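Going by the order they are written in, the chains are A, B, C and D; count residues from 1 in each one.
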Amino acid sequence: MKLDNRELIAKKIAEELQDGDVVNLGVGIPTLVAKYIENHNVYLQTENGLIGMGPPPDKDNIDIDLIDASKSPVTITPEASFFDSAFSFGMIRGGHVDVAVLGTLEVDCYGEIANWSVPNQPILGVGGAMDLVAGAKKVIVASTLFTKDGSPKLVKKLTLESSGERKVDQFVTEYANFVFQDGEVIVKDIYGSFSFEELEEKIGFPLKLKITK
Amino acid sequence: MKKLRKPEELSTLFEDSMRLLVGGFGISGTPLTVLDALAKFEAGNYEVVSNNLGDNGKGLHKVFMAGKIDKAIGSFFTINKEAIEAWSKGELKIELLPQGTLAEAIRCGGAGIGGFYTPTALGTKLAEGKEVREIDGVRYLFEKAIKGDIALIKADKADKAGNLVYHSTARNFNPMMATAAKIVIAEVDEIVEIGEISPEEIVTPHIYVDYIVKSKYVKQGGSYIEAR
Amino acid sequence: MKKLRKPEELSTLFEDSMRLLVGGFGISGTPLTVLDALAKFEAGNYEVVSNNLGDNGKGLHKVFMAGKIDKAIGSFFTINKEAIEAWSKGELKIELLPQGTLAEAIRCGGAGIGGFYTPTALGTKLAEGKEVREIDGVRYLFEKAIKGDIALIKADKADKAGNLVYHSTARNFNPMMATAAKIVIAEVDEIVEIGEISPEEIVTPHIYVDYIVKSKYVKQGGSYIEAR
Amino acid sequence: MKLDNRELIAKKIAEELQDGDVVNLGVGIPTLVAKYIENHNVYLQTENGLIGMGPPPDKDNIDIDLIDASKSPVTITPEASFFDSAFSFGMIRGGHVDVAVLGTLEVDCYGEIANWSVPNQPILGVGGAMDLVAGAKKVIVASTLFTKDGSPKLVKKLTLESSGERKVDQFVTEYANFVFQDGEVIVKDIYGSFSFEELEEKIGFPLKLKITK
């Protein structure tokens, strides 16, 4: 079965996760990562106060107080525990979350992201996005490479509001996996229908190819 | 039980322009019964500190629709359409804080800490006008503690002294808010005898809780319904 | 059980001049078994963060007497005669912090907060050289967060994943220290199956704990004796 | 039975406590206050992590992990709970302790106290003293009025190290109960063997008499 773009990105990220990792999955594509994690020693944290998040319940076993950060019902794994919001964000800011997987609207060539303000709308919601950007040991951004109108989300300079000065570690798309080095965008892996040269042309500025997988 | 009140008995506690701390994430862990009463009380012009402004006609959304909120301090109002509309007309002030900064500021307010330095939101629009300081080679943003006049929180169980425990992710902001206001009102699903909650397990000691209200809501499938 | 170690297996974790966070108030809630081992390991010149330096030949007192401590950061060394003597000869550095400031600084270290403002110690010798700031009309003292290389803590029970609960006032500094070091070693009295400690009751989630050591000490009347 | 001086001070302070008060008792005379508290709705906090401290156990029921701030074994009352040191000092600094009863070495005429440094000894212990001075809603100092060599502990100006700029509310001794107002020491109650004039002479500076009991 061929995976659609969103599922492909999720699967690629699941493969990056290591034994023992504490992982926080954001809304959207990041949420899909959960179903591709095969390692039982990966622990999912949700910032509303839970480490050890399990899959969604069947509809007869919904507890609407047992939810993830997108307010969807979840279950818990055997070694799970609950805590309050101050402790939960202490876990995030304190570097105890190994990987945060976040959606984004833009990523610049340094790895700075804009993932909280929607263009042409008042900025009235941020949630835990900035805490995760600032605090997680490693930040992986998960997004399709182009917006609906076809413009690349990978940009030379952010046009939307930054989510924080801390740079992300990877940008995983349906075409390639990008990493960042002093303003240079490195293609670490390429697996979509575009060649490196086509990718570079679509994105509109020079990239560097350095397959490390 | 000394602290137990009917929600309507609380009306005299509330005064115009008070700052209220209201627990909950979405509406999970929100004192729905107390907020229903609050929407009907005479006082108003509140400044509300809460992650969001309720949802779908429940919780703070009801209080907002009753015209009682002048300002909201929280992390996520995007889902509250009417609030965004009121904000764009200048009828509602909104102060946006990252969720972790909000949680930490309330904890500090309750713990006698005046302010703190967080790495969150550095280099963003939310850092505008705020002090930046480097400590041991890391850059941080200064944030002030948050306190309130009345905290409206939701717990799972209270014992008859007022000791509280919470239920799963409905714990969220409630334990910090219980420490950070002059008066604390806790809505609970169940009241048990003293001793039924172990001293190791109690999350909020009774000394933080002034009034207890029994919740009128029960959970059914994917929603809360008024049933008691 | 993946995290379980004999105390002597931990020797390779320790390096000269590391900063160690050590739980306990008096010797209650102190990892006595791990500290016995530490006194014998090769490394030394430690900087130790702990309320006090053990007591009566137990806990950190033993490590200190083995000549392994260069500096102590804590709140109460008055009972440690040999430490005071070493300090007056210039052989031991001591940094004194109020107990609440110590606790808060460690909590901040574990929670990614760089520093905080406390009203404690204003106008005293312990405030010398520290920034004073007025926030909303109240004066506060700035204090930096504290982090460590290794935390040596004591809990009551661990489950096989490493989730911890504590026993009565032996909880003290241990939960904060569990969050504030790169490596965390927890000494426990009992190891139980996963699921035996309820998810609502767990104080320190397993992700904070790297190694577990079974305690060799038991309580008998008014003291701890080595018995296992 | 006539109470000795220390017991008298403890009893006087116990009578000051109100229904519902959360009280922290320091080492020494303050510890003695507990046995004179008749109100069952006074809750004892100990800064090592307990609210709801009961009397000492009999010697067959000692748990040396269940102790007060002076490391003496205690028991718990039915509504008690345990917490960590950060939470405990949050309770103290955050104004949730109604009354702290503390011993002292000196009190000045403004109500500033020195209760942590011992004369001619290195200052290597402070414990929770300064947190209680800074944070409790009301601070009552409990001490005999004179040192062993007969000099008054109530002084115009501290000669020992201050415990904090926050002023105490009362100084309860075996002779009188003092309060402080802008540098003026007011005798609120007098019950010992000295007259007001004798007290004034022994202390060595003018006091003001204003019985408010």
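Here is the rule we use: a residue touches a chain if its C-beta (ideal position, glycine included) is under 8 Å from a C-beta of that chain, and two chains touch if they have at least 3 such contacts.
Predicted model only: the values in this text are computed from it and were never measured.
J.: Please compute the C-alpha centroid of chain B, do the same for chain C, then give the distance between them in whole Å.
T.: Chain B and chain C have C-alpha centres separated by 33 Å.
J.: For chain A and chain B, let me know how many angstrom lie between their CA-based centres, rounded off.
T.: 29
J.: Between chain A and chain D, what distance separates the C-alpha centroids? Give it in angstrom.
T.: Each chain reduced to its C-alpha mean, chain A and chain D end up 55 Å apart.
J.: Multi-chain contacts only, two chains or more: what residues does chain C have there?
T.: 104, 107, 111-113, 118-119, 166-168, 199-200
J.: Enumerate the residues of chain A that touch no fewer than two other chains.
T.: Answer for chain A, listing residues that touch two or more other chains: 76, 82-83, 86, 89-90, 92-93, 134-135.
J.: What topology does the chain contact graph adopt: line, ring, star, complete, or other?
T.: other
J.: With touch defined as at the top, which chains are paired up in contact here?
T.: Chain pairs that touch: A-B, A-C, B-C, B-D, C-D.
J.: Under the touch definition given earlier, write down the residues of chain C that touch chain D in their complex.
T.: 25-26, 28-29, 75-79, 83-84, 87-88, 94, 96-104, 106-107, 118-126, 139, 166-176, 203, 219, 221-224
J.: Provide the residue numbers of chain C that touch chain A in the complex, in ascending order.
T.: Touch residues, chain C against chain A: 107, 109-113, 159, 161, 163, 179-180, 194-195, 199-200, 202, 205-208.
J.: Which residues, counting only chain A, touch chain C once they are in their complex?
T.: For this pair, the touching residues of chain A are 22, 43, 51-52, 76, 78-83, 86-87, 89-96, 134-135.
J.: Within the complex, which stretch of chain A touches chain B?
T.: These residues of chain A touch chain B: 46-50, 59, 62-67, 71, 73, 76, 82-86, 88-90, 92-93, 112, 117, 122-131, 133-135, 161-166.
J.: Could you pull out which chain C residues touch chain B in their complex?
T.: Residues of chain C touching chain B: 104, 108, 111-119, 133, 135-136, 138, 140, 144-145, 165-168, 199-201.
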